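A, B and C label the chains in the order they appear, each numbered from 1.
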């Protein structure tokens, strides 16, 4: 979103596809979700490449509403395709370690959740390294700062967009299988996640990995705390409200650098 | 000049007859239902178009206004036995107020961030309707019990609703035509084209958008009441879902943005087809009609981004010009 | 009379305008020149309300307009064009101008008749039904002038309206500017094409690094050593003398 100035409203549906992928891999081939990561990542990366090439690329440089509604249309298609192919049932997998916990003194932590936490931090750190220390990472940052100058410097911005987009979907290829043991999957699950992701990204400051991680933690805290005081559904309303407030009063994000304005 | 005016009027009238004629012919409840949906959606997407098409502000939270209208009139009717006609006015006024406030807050945001903020706003309203059980009855929804009659806005015949939806659509089209030739409309398109340039020639673009946001919210809420009276039942999913917020712009975009007749055209193009598909395919292929929605949307966006109606009129104009030059 | 007093503006650590004082009476064509980055366009943005100055003030015909919103500045009689043209591209030429005219006219019909009058004056009548996006750069710049003129300004700020035009088009634009000035509208223009500025302007102000370097008539400014240094560098100035 920060790099390409594109909001992919179908991002949640890619998570849904990734969840289904690991679900079916488990159902048919009994591949452990933690193992299926290795298969789902390249799958999602490829899907990202194709989407970018055929659906996102043609919208770049056109009026802004075109990419919004192309990705919304894609989201509608994917949701209903999933409904048509796999029905609206909630599906889940039974693995022994889903309820496993690790005890630290009095505190017991769910192992799959701990794994998700660790992996997320690792991936965030890897993305950070990638963006700062590789040629492609630097090209991505340059493009996000100024598309035209980047192009003048000999950066193939089409390839940058393609890689950026595909990396985004590949990350969902990690998220899906990791979430599968403790979550369930149904066709419209993506939407729940995507709005929260937008909230996190905007709150964290566009294009800032560190910001997004910190903002996500903040959202987690808000969700848990407000869960005690309010109707569970209301907690969502709280961070949507926060989202609008951040957009309006601190468009560079709570943790974002100054001067980078939405 | 005179010839041009007559020509346009004739075209428009012919178009409206094409819209109205089927409603007079059809007595079948199934087709009347489809016609009701089509006319209602023509009005609703036209309403969205006031803000999205004219001002270029792409709201993804219009379901909120629809729901505010539907809930206000329904709750007033079931709680205070207020006639839905007044309920409609109350809901629309409340919605207009919310629209003005939302606009005043969110119009500072550019491009897709405005869309995201309105999307979040729509979700907030949805969640409130779901959680504020003492008033809204939560996910159980509100049942509208009324004896048929004009004062209750309830009718035995579906055709009565069709006529109401037709009036609704014509009002929206009328407002759009008004925008086409009024200061407000001129100011909105000036904002859409270039905010800085518009302000430099004295256009208060912020005020113009806030006003039209109020108008759009008002009309959307009126559509909500109409829908509630037709269905006799509303719940958060039927009147506040994101699908509604997406469908309104979808129809307008496919038809053509920024004109009075584009959304009407879009609705008549899409709704009958998808409604019939839905009925024919039934539950075994649930979701297929929405896939078709999505495909049409993407194809139109990538191939004819200006919308089908403007493209068609342009084509017709060119053809008549060619014929004229032959003579 | 447009008078700007002691304007300061900085972006972060970058001082863009430092204590700028200028006066532009409505009975003159005033040229504003200076190398790239001198702060000319920022000064325009300050005068038209798009940028708030850090300190200093400006007034027009005795009315203080510091901090007034752009749409209000226009009401008080200051109109402008943009360096990068900002025509309403999907609207017809006539509608572009009519929107400008709406700042004074009550009805749409009146605005359109005012628009046609102005397009006629600028020799663009035959293009009034064309969409702005289909015009040449020269015509789009002229359209911006027409749109600004439609607001009935007493002072017109022109930001590089001749940049990118061919010699014939430049001559045409100079004619237009003179004709507008003859109707009693004051002109303040930023321009890089020296021959045009020199022959058009009654008075020239030179900005450099955000400061006023010098001012005077064309003769005086073009021979001022400081101006030559600013434009061409120290070495060249020495050789010139």
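Convention: contacts are C-beta pairs under 8 Å (C-beta built on N, C-alpha and C of every residue); 3 or more make two chains touch, one makes a residue touch a chain.
Here the structure is a predicted model, which means the values were calculated and not measured.
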| item | value |
| --- | --- |
| Closest chain to global C-alpha mean, per-chain Cα centroids | B |
| Leader among chain pairs (count of C-beta contacts) | A-B |
| Where chain B and chain C are represented by their mean Cα positions, the distance between them in whole Å | 43 |
| Euclidean distance of C-alpha centroids - chain A vs chain C, Å | 48 |
| Whole-Å gap between the CA centroids of chain A and chain B | 32 |
| Chain B residues counted as touching two or more neighbouring chains | none |
| Complex contact set, residues of chain B against chain C | 181-183, 186-187, 189-190, 193-194, 196-205 |
| Residues of chain B defined as touching chain A within the complex | 52, 56, 58, 60, 105-106, 108-113, 115-117, 119-121, 123-124, 127-128, 130-131, 242, 246, 249-250, 253, 257, 285-288, 290-291, 293-295, 297-298, 301-302, 305 |
| Residue numbers on chain C that touch chain B, as the complex places them | 48, 50, 69-71, 74-75, 79-80, 82, 86-91, 95, 98-100, 102-103, 108, 111, 144, 147-148, 150-151 |
| Interface residues, chain A side, partner chain B - complex | 6-7, 55, 58-59, 62-70, 72-77, 79-81, 83-84, 88, 187, 191, 195, 198-199, 202, 231, 233-234, 236-237, 240-241, 243-244, 247-248, 251, 262 |
